[in-house]
Structure formats: C-alpha cells, structure tokens
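You will see two complexes here that share chain A, one where it goes with chain B and one where it goes with chain C.
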Partner chain A sequence: MTTVALRGISRRFGSVSALDHLDLEVGDAEFVSLLGPSGCGKTTALRIVAGFEWPDSGEVLVDGQDVLGKPANKRNMGMVFQAYSLFPNLTAQQNVEFGLRVRKQNRETRAKRAQELLDLVGLATAMERYPRQLSGGQQQRVALARSLAIEPSVLLLDEPLSALDAKVRVQLREEVRRIQSELGITTLYVTHDQEEALSISDRVAVMSAGRVEQFGTPAEIYSGPRTAFVANFVGTMNKLEGKVVSREDRVVRCGPILLSVPDPTFNHQAGETVELFLRPEDISLELLSKGETPPSGLFEGRVTSLTFLGPVTRVGLATDLGLLLADVSSAVALNLAADTVVAVKLDSTSLRSITA
Partner chain B sequence: MAQVTVPVARPGSHRLRRARSRVPIWHMLWVVLGALFFLVPIYSVVEFSLQGILPGQNVFHWYLTVFDDPNFRSAFWLSVQISLETVAASLVLMVPTVFWVHLRLPGLRPVMDLVSVLPFVVPPIVLIVGLAPFIKSLSIWLFVRPEVLSLIYVVFALPFMYRALDAGLRAIDLQTLTEAAESLGASLPRTLVRVIIPNLRAAIIGGSLLAVAISMGEFTVASLMGFNTFSVYTFDIGMSTAYEGVALTFVSFLLVWGIMLALYLLGRGGAGAAAVAITDEKK
Partner chain C sequence: MVVAEFSETGLPQDVIVGDVTRKRSHTRRWAFLGMLPFVAFITMFLLIPTGEIIVGAFRTVNGAFTLSNIDDIFHAPYPAAFEFSVELSALSALIGGIFGFLLANAILHHGVPRWIRPAYISFSGMAANFAGVPLAFAYGATLGSLGVITVLLKHLGLNIYPAFSLQGLFGAALVYAYFQFPLMILLMVPVIEGLRTEWRESASNLGAGAFTFWRHIGLPIITPSLLGLMVLLFGNALSAYATAEALGISNLVTIDIAQLVDGNMTLNPQAAYALALGMIVIIIVTITIYSLLQRRTSRWLR
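Our next item is the complex of A and B:
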C-alpha cells in the first residue's frame, strides 16, 4: 500500500513561480493525472516527487514519510520519460534488467523478471533487440517494463506518449492503464492531453500557474468545472456572459434572453455578472421552415460553419447570445448549410455558472 | 476483373541511370587533386627509401637497418608507453569533468571551451620553458621520468579530447539517460560507467586517436627535456643517414596508422549504434 501526498509545494525558477503551494493527495493504487498546459508546473511537480528537483518549501510524503531528504536513486520510484530513455548500448532485456542488476539480483532472477515484464508489455519476442531496432511505441513499452522491474512504490510517467503517433498513443495508454490496474501500483501521470487524462485516470488534477485548479474524477472535471480555466481547458465550452436577475430563481439574463440555471452550486447575488458554460453537445438544433419562428423556449440561430468530426458535426451558430458551437449528429448535419436558420435549444440542466 | 499493370524497365534505362549518376568531371578532378596532395609525398618517401642501396644489398636495406637498431625499438616503445599513458590520463581527467559540466554545470561550458583552446594559443616551447622549472621544483624524480611527458601531452591533447567528448555528450540525451539510470537506483558513478561511457565510445576513441597522434609525433618538448622518443630518434637518424631517416619516417606512418586502426576497430560496434539510436527520429 502506497500513498503520495504533496503538501504546500512551492518552486521558483528565478522570477517565475513554477509551483505555488501545491497540494495533492494520491491514494493507494490510484491513477492520478496532472493535466495542464505547458508551463503550468505539472512536470516540475512530478520531478520533485521523483527527486530530480527540490522544492523551495513544502513536503512530499510517501506513506506518510517525507522523502525530500532522499536522493532520486534511493526513492524506489519507477519513471517513464517523455524522451526515449532506453540505454542505447543495452538490449531490451538488459534495459529491463538494469535496475535489478543495481540491486544485485542474480542472473536467473533478472532474466525471469525481464521475461515476465516484457511479456506483460507484449514484447517478449523483442528481448534481444537494441533500442534502435524498436519503434517509438515499443521503446516506451520497454521503458515501462524497465520502470516496473524494480517493483517501485510509485510509478511516475512524464508525458510518455507525447512523441508517438495518434493511433499508437491511444493503444498504449490503454495498455498503461491495464498494467497499472493489474499491478495495483500508485501512479502519477503527467499529460497535456485532456482526452488521455480523462480516459485513463481515476482522478485528474487540472493545473494552472503552479496550482491545482480542480481535482476530481474525470466525470466531475468534465461535467462540473469549478473555474473558468477548467471550463475552457477541458473540452470545448460555450461561454455566455450574463447578469443575475434573481438569485432565488437562479435566473440570468444573457443579452435579450432569460436563462434559468438549475446548477445547485449557483450562489450569485442579483446584479452580479456571471459566466455560464455549456458544452456543444448540450445544444440541440431544430430545422425551421422559411418564415417559421422558433417554438417557445428556443431561439433563432444562423449556421455560420460546419466542421465534420466523424460521428458528429460541430456547427457554428450566430445567435442573440453570440457565437455558439453545437454538436449534432453528422446525419442531421447533412440538412444544414451555411446561413441555414435553425431553432436553438439549450439543455439548461447542463448550464454551469462561474463568477466572472 | 481488375488489371494489374507492372511497370517494365525500358531497354537502356539502366544506362540512363548510370549517365545520371555519373560524377561530373570537375568533381573527380578535385578528388584526384586531393588524393595526389597526400599520396605523392608518401610515394616519394617510399621511393626515396628504396634508393642508395649498394649492389647485393636487400631492396629493403634501410628498413632492415632501422628494425635492427635496438635504439629504434626502445624509442618506439617509449613513445607507445607515453601515448597510452597520455590517453589514460586524459580520459580519467576529462570524461568525469566534461560529464559533470554537461550535467550539472552547463553554465561552465563556455569557460571549458575557452580553456580547452589555450594549448593552441601557447606554443610548446613557451609551455615547456614555463613548465620545466615548475615540475622540477615539484619533484626531481618526476622530472627525469618519461611519465612527465605524458602529463604535458595531456595538456596538448586537451583541446582534441575535450572537443570529442563535448560533441559526444551533445549527441546523447545526457539528462534523460542519467535520470533514467538514477530512477532505477544507480548512483552517478555507476551511471557514468555503465550508461554514459558505453554510449561515448565513438567520442572516446576519436579523442584517443588524436591524443596518440600528438604523443607519437611531438618533438619539441621531448627533445628539450632529453627523452629519446620516437620523433627525437627519427630526427637524429635523419640528420645522420638520409635514406634510413626517410625509411623510418615511412615506418612511423605505418605504425601510427596501425595503432589508430587498432583503436578504431576497438571502438566499432556499440558506439556507432548508440549514436544512431539516440538521434533516431520517432518511429
């Protein structure tokens, strides 16, 4: 059983604050992703846990013990790097055995363990190959096997899939998750790819400017962003700016339209300016015949763009609320063209309010 | 039924390819000129070394004379010993230093660049005039031993060894490899020996070849300090017997090339492979 806690971690590089009182708790066997844009401090946080960076203040606890006094080679944490990090002079098997050799394991134990782990990552037949003879995806699999060989207390992955092409990336992330679940190893995963983070994590910490903006399950992060940053960063959001008309009834005026916001976290005073967020999939469209006015509760929109995304088509709409994006089935979108006038319906149950 | 069209090579198409791939005459001219620049002096040396032979003597008379001279063997082995000591001392001194500067003190790299070219700026004669009294004051024992030449040649070899190692370390992702080894439990010395040095083989061999070439050919310091190294012996012989001196020059070419070839062969395999893997694009 291994838990990791980062408490009040701060780190500055000159005048730049990379981490600003970062707090994070990772439970036993939990898969937590640090998600954020470049420069948000996610890699710095991971490197501090690994022992490659030191914080200016704060503590890193593994099973309640502060590990900041230990050098990286004494922390027993497996790490997979963004760059290909296999030792070029060693075969896949020798790479996997490296950590065991350091731990003075005998030859048979090393070979057996390497065989098991390369088998686990699907590369049992590539044991004798040198890194230059492996594809990028295979190299990262071997790197994963190598990091697991030492039976680490924590597995750290620093954007391990970012150098791979899209198809391999999807395949490999599922394997990472499968292996992590099988071994039940506490894992901290750094990525800037929201789809990756949401698809494989137990919990996601969305980071911005050295702080955790929101920490929750992928569903919580996606459906209930608590800050404008999270709302904008994770997925695509329509942003509507409005003024609170009634606090009790949770009514907001956006331009000429009154919107009822059933968001239970709505807690704004009348007259306060708020930002309402709504996902494109929470907007539906109805075709209007020429001269027809939208039914009650719906409002008019004019199609400005159509972007084919496979099963859905993203429709750009000019409305009284401003420009909106709506995702409709690609089959439905066949009836749409630029300047088509449609009735727009917002799923108000999905409206989220954040103080502007 | 679908038709499959197989492109058929037209008669004479390989001739066309050959014509296209033919190297322009001007290019060949430069290659020939370059080759002549190196080969003519070597040919002249060989040709001259086979002259001045009395009737009945072996055509390789001057070569046999050289090899029969015990002074030749002692001078040659002294130079080989000094060369190997120079290479060993340079590597022991430079590999950990350059590794550490690249890894932890990258801000010092411009200083290292500057220091490494100093031996180019200071002529050997100036260096020895300054160094000799200093070494003498340190230890008379060391001053009269050939090892002192190795220490001085380490300074001469410094620019070449540093440049080779610097280029080698720039070619690998030192930070990531070191951190990967550390995360697996390896200490820094172990990382250096087990991970970094094997991937620097090409750079180490390159630097070593140049250090050998410098040590084998250096004359000024060895002569002034009174050591009968290979280059001093060659000079002395050349002063007394021109034919023998020239034969010795050609022998020295062959021997130094032989040593360099041996070092090169020693470094083949892993080193090149490592560099390829590290610079490998994503697949």
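Our next item is the complex of A and C:
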C-alpha cells in the first residue's frame, strides 16, 4: 500500500513561479493525472516527486514519510519520460533488466522478470532488439516495462505518449491503465491531453499557474467545472455572460433571454455578473419550417458553420445569446446548411455558473 | 475505359512521373558541383602529396625505381625514431584522452558555476594551439634542468634530474599534454553533451549512482567517439615537429625527416619520402585498429 501527498509545494525558477503552494493527495493504487497546459507546473511537480527537482518549500510524503531528503536513486519510483529514454547501447531485455542489475539480482531472476514484463507489454518477441530497431510506441512500452521491473512503490509517467501518433496513443494509454490496474500500483500521470486524462484516470488534478484548479473524478471535472479555467480547458464549452435577476429563483438574464439555472452550487447575489457554461452536447436543435417561430422555451438560431466530427457534427449558431456551438448527430446534421434557421434548446440542468 | 490513372495529388500519374523524373535527373546532373570544393581540397592536400610520397619513396634521385629507401628505414637510427614517435604519440594520446575526458566531464557537471564553462572552453581553444617554440621554452623555463620548479624542488631536497628529462618519453609526453588536453576537451564537450539527460535520470530512477551510470551506460555510449578522438590525438602528436625540435628531441621521425630535407650534411629527400611513407603506414594501422575496436564497441549503432 502506497500513498503520495504533496503539501504546500512551491518552486520558483528565477522570477517565474512554477509551483505555488501545490497540494495533492494520491491514494493507494490510485491513478491520478496532472492535467494542464504547457508551463502550468505539472512536470515540475512530477520531477519533484521523482527527486530530479527540489521545491523551495513544502513536503512530499510517501506513506506519510517525507522523501525530499532522499536522492532519486533511493526513492524506488518508476518513471517513464516524454522523450525516448531507453539506453541505446542495451537491448530491450537489458534495458528492462537494468534496475535489477543495479540491485544485484542474479542473471536468472533478471531474465525471468524481463521476460514477464516484456510479455506484459506485448513485446516478448523483441527482447534482443536495440532501441533504434524499435518504433516509438514499442520504445515506450519497453520503458514502461523497465520502470515496472524494480517493483516501484510509485509509478510516474511524464507525458509518455505525446510523441506517438494518435492511434498508437489511444491503444497504449489503455494498456497503461490495464497494467496499472493489474499491478495495483499508485500512479501519477502528467499530460496536457484532456481526453487522455479523462479516459484513464481515477481522479484528475487540473492545474494552472502552479496550482491545482480542481481535483476530482473525470465525471466531476467534465460535468462540474468549478472555475472558468477548468470550464474552458476541459472539453469545449459555450460561455454565456449574464446578470443575476433573482438569487432565490436562480434566474439569470443573458441578453434578451431569461435563463433558470438549477445548478445547486449557484450562490450569486442579484445584480452580480456571472458566467454560465454549457457543453455543446447539452444544446439541441429543432428544424423550423419557413416562417415558423420557435416553441415556448426555445429561441431562434441561424446556422453559421458545420464541422463534421464523425458520429456528431458541431454546429455553429448565431443567436440572441451570441455565438453558440451545438453537437448534433451527424445524421440530423445532413438536414442543416449554412443560414438554416433552427429552434435552439438549452438543457438548463447542465448550466454551470461561475462568478465572472 | 480507363483514360488515366490518377495519383493522390489528383494529377494523372504519367504526367507526374514524367515531370518529377525530369526534375530529378536535372538536379542529379548538377549535384556533383556541391562536392567540387571538397574533392579539390582532398586532391590537392591529400591525394597528390600522398602519391608524391609513395612514388618518391620508391625512386632514386635520378628517378629510377629502388627499394633502398624503404630498406633504409629499417636501419639505425630510424627504427628507434619510429619507436619513440609511436610511444610518445600513444602515451600523450592516452594521457590527453583520459584526462581530457575527465576534465570535459568535470566542467559540464551541473554543480560547476555556469561562467566556468565558456571561460574554460576559450582557454582550451587557445592552449590547444599553444605549441612549438613558446611551449618548449615555457617548459624549459619551469621543468628544464635549470627550470624554476626544478631548482625549487632541488632546494627542497628533491632532485628530479637525471631520472626525469623533458627530452625523455615522460617529459616529452608532459609537454605534449599541454596541447593534447585542451584539444581533447574541445572535442569531448559536445560528445558528453550528447548524452541525454533522460538517460542519466532513467538510470538514477532505476537506482543507479553516477559510477554505475558511467560504467554501464555513459562510457559504452561515448566509447566510439572517445576512441576516434584518441586516434586524432595520436595523429596530432605523431605529426608534431616544432615543439620536439625546440625541446631538443633528436630521435623522432618528424625531426629525422626535417634533417633529411633541409639541406644539411644528411640531405637525402628520397629517404625522407620513405620515412613519411612509414608514418602513413602507422596512421593506417592505427585507423584499422580503431575501426576494429569501434565495430566492437558500437554494435548497438548498427
């Protein structure tokens, strides 16, 4: 059983604050992703846990013990890097065996373990190959096997899939998750790819400017962003600006339209300016005949763009609330064209309010 | 009826193939022009002089074919000169290579203040070219039989002469080290910088300390470059003349060649050609040994 806790971690590089009192808890066998844009401090946080960077203040606890005093080679953590990091002079098998060789395990034990792990990552037939004879995806699999060979207490993954092409990336992230679940190893995963983070993590910490903006399950992050940053960074959001008309009834006026906001976290004073967020999939469209007015509760919109995304098509709409994006089934979108007038319906239960 | 096969670009393939082929052959026809400066350089400064040496080594002064020039280099004093040249070059390459590598690694260490590195590189650039009479004089003034350090040590009760001499193997190697070290540092810094941070960090993450990293990863990766640079140092020392001449070393091949061509009592340019040919053979043998070692140490590169 291994838990990891980062408490009040701060780190500055000159005048730039990379981490600003970062707090994070990772439970035993939990898969936590640090998600954020470039420069938000996620890799710095991971490197501090690994022992390759040191914080200016704060502590890193592994099973309640502060590990900051230990050098990286004494922390027993496995790490997979963003750049290909296999030792080029060693074969795949020798790479996997390296950590065991350092631990003075005998040849048979090393070979057996390397075989098991390369089997686990689906590369049992590539044991004798040198890194330059392996594809990028294969190299990262071997790197994963190598990091697991030492039976690390914590697995650290620093954007390990970012250099791979899209299809391999999806395949490999599922394998990473499968292996992590099988081995029950506490894992900290750094990525800037929201889809990747949401699809494989138990919990996601969305980071911005060295701080955790929100920490929760992928569903909580996706459907209940608590800050404008999270709302804008994770997925696509429509942003509506409005003024609170009634606090009790949770009514907000956006342009000429009054919107009821059932969001239980709604806590704004009347007259306060708020931002409401709504995902494209929470907007539905109804076709209108020529001259027909929208039914009650719906409002008019004019199609400005159509972007085919496979099963759904993203429709750009000019409305009284401004420009909105709506995701509709691609089959339905066949009936739409530029300047088609439609009735727009917002799923108000999905509206989230954040103070502007 | 198929009128024309269309490629991905949407143009009929026959049109594209024709057009591209024409362009390629046109480009290829003039591609050799880019090689011309290199070919001209190699011809003027390597091929013609080498040919001249080879031909001259097998000719008499009158131009007739002879093997006597070659035969001469197997008789005194030349075998001793070759032996000393090779020993001195090998020793200075070995010392320069090892310590140059250690120094290059030291200045790249993350704990070293940033300003040290450019200052050291600039100094190395200057020192690598500080050879010849000034260098010999500097050593003579410090470690010569009447040099400052020699005299100082004598006062302290340590007389390094006659066990040590600047004209001896170790003394001369020490002098040569002055330009071999910096040259090695200049060439070694980019090699060490080529070791990726991820390799060091991966090794550390897997439990390896600095020694284990260098033993299993760092050194095996840079060994082909290290060997190559040591061959370069060997060649650099083998061809050194002015420093040896100023130091007063007499039993060196380059000194012998100079004596054979400079018009004094021992004038014999044809024998000089033969000695130069002997040096070419030594370099070829050295490069062959290097190639064999390099093949063994860089299997992972193939």
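We take it that the second predicted complex is superposed on the first by the 356 of 356 C-alpha atoms of A that agree within 3 Å, B and C clash if a C-alpha of one lies under 4 Å from a C-alpha of the other, contacts with A are read in each partner's own complex, and residues count from 1 in each chain.
The criterion applied here is as follows: a contact is a pair of C-beta atoms (placed from the backbone, for glycine too) under 8 Å apart; a residue touches a chain by one contact, two chains touch by 3 or more.
This structure is a prediction, so every number in the text was calculated from the model and none was measured.
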| task | Could you tell me whether chain B and chain C fit or clash when both sit on chain A in the superposition? | result | clash
| Of the partners chain B and chain C, which touch A:Y130 in the superposed model: first, second, both, neither? | both
| After superposition on the shared chain, which partner residues are touched by A:V60: those of chain B (first), chain C (second), both, or neither? | neither
| query | First (chain B), second (chain C), both or neither: which does A:N73 touch? | reply | both
| query | Should A:S85 be classified as contacting the first partner (chain B), the second (chain C), both, or neither? | reply | both
| request: Could you look at A:G99 and tell me whether it touches chain B, chain C, both or neither (first, second, both, neither)? | output: both
| query | Who does A:A163 touch here: chain B (first), chain C (second), both, or neither? | reply | first
| request: Using the superposition on chain A described above, determine whether A:I150 touches chain B (first), chain C (second), both, or neither. | output: both
| Taking the contacts chain A makes with chain B in one complex and with chain C in the other, which residues are shared? | 50-52, 71-74, 76-79, 81, 83-89, 98-99, 102-103, 130, 132, 143, 146-147, 150
| field | Of chain A, residues touching chain C in the complex | value | 50-52, 71-74, 76-79, 81, 83-90, 98-99, 101-103, 130, 132, 143, 146-147, 149-150
| field | chain A - residues contacting chain B, complex | value | 50-52, 71-74, 76-79, 81, 83-89, 98-99, 102-103, 130-132, 134-137, 143, 146-147, 150, 156, 163-165
| Quick one: in the complex, what on chain B touches chain A? | 172-173, 176-177, 179-187, 190, 194-195, 198-199, 270, 273-278, 280, 282-283
| note | Residue positions on chain C within touch of chain A in the complex are 196, 198-199, 201-209, 212, 216-217, 220-221, 300-301
